[in-house]
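Two complexes are shown next, each including chain A; its partner changes from chain B in the first to chain C in the second.
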Partner chain A sequence: MDSQTIEQITKMVIETLSEQQQHDTKPMISIRNPSEPFRDNSSLSSNGFIPIQEIAPKEFFEDFDEKYANARRKTPARIGIGRSGPRPLTKSLLKFRLDHAAAVDSVYGEVDASLLEKLGFFTIQTKVENDKETYILRPDLGRKLTQHAKDLLLSRCMIQPQVQIIASNGLSAKAINANLENVYLSLVQSLESLQLAMGTPFYIEQGRVGLMDDIGEVLKPTVVIYLIGERPGLVTAESMSAYICYQPRHGTIESDRTVVSNIHQGGIPPVEAGAFLGTIIEKILRYEASGIKLVEKEG
Partner chain B sequence: MAQQTDTILSAGIDIGTSTTKIIISQLVLQNTAGRTHVPRVEIIDKTVLYKSPIFRTPLLDDTTIDAKQIEQIVFSQYQLANVNPSDIQAGAILITGETATKQNASELIHYLSDAAGEFLVATAGPDLESVLAAKGSGAVTYSKQTSKVIANIDIGGGTTNIAVLKHGEVIGTVTLHLGGRLMEYAQGRLISVAPAIQRLFANHQRTIRLNSPQNPATEQWVIENMLVSLKAVLRGEQDTDKIPLLLGHVPNWSEHIDCLMFSGGVARFLYPELKEVETSNAFDDIGEKIAHALLQDSSLQAFQWLKPLETVRATVTGAGVQSTEVSGSTIEVNEHLLPLKNIPVYTCDFQHTHANIEEKIREAISTAQQLYQIDGEETHYALYLKNIPYLQFHDIGQMAECILQHWSSSNTIIVILESDYAKVLGQTLKRKTSTKNIICIDQIYVNTSDYIDIGKPVHSGVVPVVVKTLAFHKA
Partner chain C sequence: MNLSTSLGGIVYRFHHLKEVFAKANELKSGDILAGLAAETVQERIAAKVVLSELLLKEIRNHPLIPMEEDEVSRIIDGDLNEVVYNEIQNWTVAELREYILRSDVQNAELRRLSKGLTSEMIAAVAKLMSNLDLIHAANKIEIITTCNITIGQKGTLASRLQPNHPTDNLDGILESLKEGLSYGVGDAVIGINPVDDSVESVKRILEGTKEFMNEWKVPTQNCVLAHITTQMKAIRKGAPADMIFQSIAGTEKANRSFGISAELIREADELMKKQSTSAGPNTFYFETGQGSELSADAHYDIDQMTLESRNYGFARHFNPFIVNTVVGFIGPEYLYDSKQVIRAGLEDHFMGKLHGIPMGVDICYTNHIKADQNDNENLGVLLATAGVNFIIAAPLGDDVMLNYQSMSYHDIATLQETFNRKPSPAFYDWLVQMGIYENGRLSARAGDLTIFER
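Let's turn to the complex of A and B:
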């Protein structure tokens, strides 16, 4: 293409555009103040545009219908949240993204060191060695103590305690930050009331549930209660579980662990959970069994 | 593995103005939470085991119930139902309607509670009757499935108890002097006119004489007044002058009523298709005529009418099958102190804030003690903690200290919590005292001026509870 042709084309384009600009005094779609009466002056004859269909402006409320409000009191699920066309309302979408971000944060967050210090928990490592990606990709490493951790336990902990309390962030550091203190203090009070003897409590950075078997081999406790952050969801990122096992050792199967889940502000209140867990531990000691075996023995 | 269940036997005895009936039912309790959750025990099934026939309420005279005959009725029906009084663990005795104003009603109820078993006894009030009738008629269950506002209208011999329901909750009650037996005849002559109707005549400078022949015009005038009263309360009338036969308080709800459900003896004539089996009880009173007038009234017909599950037995069904609740499963009770009956409740409202909790507890306890303390006697009362904010361990400790410090009148501390904190509070209280007994239960909804019965714990660890509103209404 020679330079002359290019010049011609450019000229044509500029002419066309400038012609259009003269016509475009009115926008294609007008945004109208809904309080003004609608005047139909957009007929083809007057300005040459296709008339725009009038659409009634619609307002949205968070609780736009009382029926939904009643149903919503019964569930934390996102029901009756309204929509704008096929899309969620901006408010609902932002809330959803906020909850999702909170879930991600709880996996990657850190447990407050001053909290552990206050409760007298010292910290040990698993074979994950404090790397979040490894923790997620290698669950098996989260079930094993490092040699250093084993030595530390033997040097600092009571051996063969009746009840060994342990805690780990697991998949939610937030669960520990929010609930550990209340559950632990209430649990200790409950165990003292029931005259059960506790060992030395400690915290495990990035442990998996099965780690209690490795700990069982080292400390030989009668019962282990393991407070661990649950995999976060969109309803709460702060939920904690308590796994309780009678004589956990290598080879213990999952069905032999008793679990109480959903411990958080919106589930079972942590202080109430602590008081309840004491009575479960007493029952496990009485029946010398946990998990499904306990259910069977109870009859 | 099948989940373990508990069963408890529940009895309801309704001694009404005209009729007396008994119902025995079995409630099945089961943990409905998943294995990995803290148990949540609920009543999962209610089966009626025995329905008595409808007996005429035995009276010695106009103002005295024949206690001996009532006892015989109860005894014979228990035998037919094949239950021992000692088997009954829950339920209620009600003395309803005008009968509740009879002289010896209160003594009778205490007397019967021994004869009918160590079960939970309710002394009726019109508000409670309204609620129980709405539960027994099926209105409450229906209301849970709709967003319509339903009025359950239980028309008995002496009174009409109305409960207004929305989303399964009772949002208001009202009672009227409207009943079939307010005017009675024998051999075509008027033999009895209830005091409320006599007052109605007096207020309109009209006279009515006993033993006069049955007069359709007079009757019609009385029934018209009944309908005026009924329609007034259904539209939420607050002016007592416009409710000629009001008994007690004016309507206490604000919603517009969409549907009507009728129960009680008179309702039998409203739903002929329900085919009640009782035919022996032909009452020579104005019940059937009231029903006829209701059916003819165009403004009542403008409401949607719903069919009840029970008519004449609605209240007794409510009392026997629906009156019992269960507490939360993590609680702290002393089994040897239970059952406890007729415990008055005093509410301490935290208003969802930690502010002034100690102050609020101190005030509630001191007021409750003034209200319920009888000189020289050990009286029980329960402190009800509602709208509780999120509590931490140190909050619980402070609350326990505060309760122990101020609770001086009785040796048994009874605390009922709206939300799930009973175990930890009970445990904390127990650790801090060696002299007082502790009963701490939760997830029960009560109010000041309610009375509560707490039964012995069942296997799953919960206690059955009957909540009831205040005793007798003064006519």
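Let's turn to the complex of A and C:
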């Protein structure tokens, strides 16, 4: 914009504002000359400012050039967002910060107890014993069951099941709240149609992936499938992963786990995930291997 | 070997070299997690004092992991140039630091010195260095490598374009790729992390990216960051790969937990010689990051920074095209906040460069660590001044598949413009031809992905 245009716009804005001031008893914005002392005026609030009129705020949104609409439909990535010099535009920057703020606020969270009850999952604790800071700083504790949890598993679970399904909030309870029901129900259906036998499912408060080895030692399952909330991202805080392992026991190495990540509405749809996971489990049982060992055996 | 000192009348005694190495580190949550960190701030300084007086030969002669137990130890020691080592073996670590910082010691001297240093010696000297030491020294070193194009020249800043997609949708990947190219990003590699780590999926993405590169004559290299075994299978089935990727670690045991060994990497090297689509000779892409050995319970009570240095000793054996540390990805249990991430980023970059490897950084953070995009930008500025070979970038820094934040396409262009760095020469020429660059910076046309639509 040239300076003449800017001047014109500024003039228009000032005119509009002064018109509004004439019509409204309460102006939309309070303007005070800082050099002026406060006057005793009953229309001023106790802190000296004229109260701002209460109007419904406009919802913040990021707008895009129509020419990028086609590209933007193909990916949730922040593309076609433009720039000023080499820097992003203000709205894009603020939208990014807003989404980061939401992701930070949704780390951990609480899993809906009624959901677990409905699906028949009982709850056990790891040695983290439900403390967020401990969960973050002591991954080793999130990989171990408490003695009480071990006793509970032995008293309530089928021993040596073919397929053991377990779930944990991990870093995002939202992932469990949003996906567990659909994934679990479609997985059960898939396993039944493949004629695979399931053990007793349960939920773990603040478990780490490696906890499946400790569980493997107690229950001796052939395969464990572990549904766990991923770190919240900016596009979604609802992403869940499934770690599947053939005979997880102490000493199992990470590359022997098969992982399916990005289970959420915008990724692998939860209702379709069950069938997909079922076929992987079937393959793991057939080859008696998971992770890189499975890739090697498959040839 | 003297492992004690007296500071202000207080005597500090350390029991073994591992303890001195660990306690001399700047504070890291991962060293606390491993039970190795200094108990007090003063004990940390005492360990630095003891370390500064150790001789380089004492470090070599007391291996932290014995040769017979660990192939990474054997590779590091076996690659040493004995002539250079003999010249410097009686230096203290303090003398090594001061030599590195001398004004008459520049790239040629440091590249020669590098051949006589083990990863442990490099870690030791970095423990004595301040952040600005690490920046200043790293910036003297120039590591140039060639795959399809040549990168790493002084005055350049290359980048990895990371157009990940939550379902590996190829059209979506390509749109994000176009956006990145329109900002001048992607000369180090167009690298995709796949959701589906299957041979077919890897092959499909390699083919899709290669086709795009051929159509637009983009002078760069492609790579799909699946497990190396999967990539090898895809390549054997004819997938067009310019480079082959693998995450590596600093101990044989940790590498095993990643499903790799030196033998497997050598096998991949042979395969790439015969079947890569690139010119070479550098066809490896390795990723590292402090804390992975502890995470795999394969750390032998060694601190995470020293183990990270051993990653680079392992990497240099295979002459990689690019190596990067993924410095903020592992989480707050290893690097607690932005201060620790920034320190680790500067350490890793310096240690990599002193090993003679083409070091880049994925400057990043997850949403459960005490950091935000401003912290990321800070480290970006520090590493640009330190002469980092390349930086990773995703659309506005938001990786929609890995769910973490890195640098953005905009950030790469901004660092280049602010610090007067150019993309790599061959890529730069292409950007000018495409009208994306003009007068040494982004043109009016830049930032518009539709320029890649016919």
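Some notes on this structure:
Note that in this section the second predicted complex is superposed on the first by the 216 of 299 C-alpha atoms of A that agree within 3 Å, B and C clash if a C-alpha of one lies under 4 Å from a C-alpha of the other, contacts with A are read in each partner's own complex, and residues count from 1 in each chain.
Heads up, the rule we're going with is that a residue touches a chain if its C-beta (ideal position, glycine included) is under 8 Å from a C-beta of that chain, and two chains touch if they have at least 3 such contacts.
Keep in mind it's a predicted model, so treat the numbers as computed, not measured.
After superposition on chain A, the partners chain B and chain C collide with one another.
Within the superposed three-chain model, A:Q125 lies out of touch with both chain B and chain C [touch as defined at top].
With both structures placed on the common chain, the touch criterion links A:I81 to chain C but leaves chain B unconnected.
Comparing chain B with chain C, the partner in contact with more residues of chain A is C. Looking at the shared chain after the overlay, A:S190 reaches chain B, while chain C stays out of its contact range. Contacts of A:A275 after superposition on the shared chain: chain B is touched, whereas chain C is not.
Looking at the shared chain after the overlay, A:V295 reaches both chain B and chain C. In the superposed model, A:T134 makes contact with neither chain B nor chain C.
Using the contact criterion defined above for the overlaid structures, shared-chain residue A:Q265 touches chain B, although it does not reach chain C. Note on the chain A alignment: of 7-15, 25-33, 169-177 or 277-285, the part of chain B that runs into chain C is 25-33.
Residues 67, 259, 261-262, 268, 295-296 of chain A lie in contact with chain B in one complex and with chain C in the other.
In the complex of the two chains, the chain C residues touching chain A come out as 29, 32-33, 163-167, 169, 171-173, 175-176, 178-179, 183, 195, 197, 199, 227, 229-230, 233, 256-259, 295-296, 331-333, 336, 366-368, 372-373, 394-405, 408, 410, 413-414, 416-417, 441-442, 446-447, 449-450.
The residues of chain B lying in touch with chain A in their complex are 1, 35-38, 147, 167, 330, 390-393, 396, 419-424, 426-428, 430-431. Chain A contributes residues 66-67, 70, 181-182, 185-186, 189-190, 192-193, 241, 259-262, 265, 268-269, 271-276, 278-279, 295-296 to its touches with chain B in the complex.
Chain contact summary for the complex, chain A toward chain C: residues 67-68, 71-72, 74-83, 85-88, 92, 96-97, 99-100, 103-104, 107, 136-140, 171, 230-236, 239, 253-256, 259, 261-262, 264, 266-268, 291-292, 295-296.
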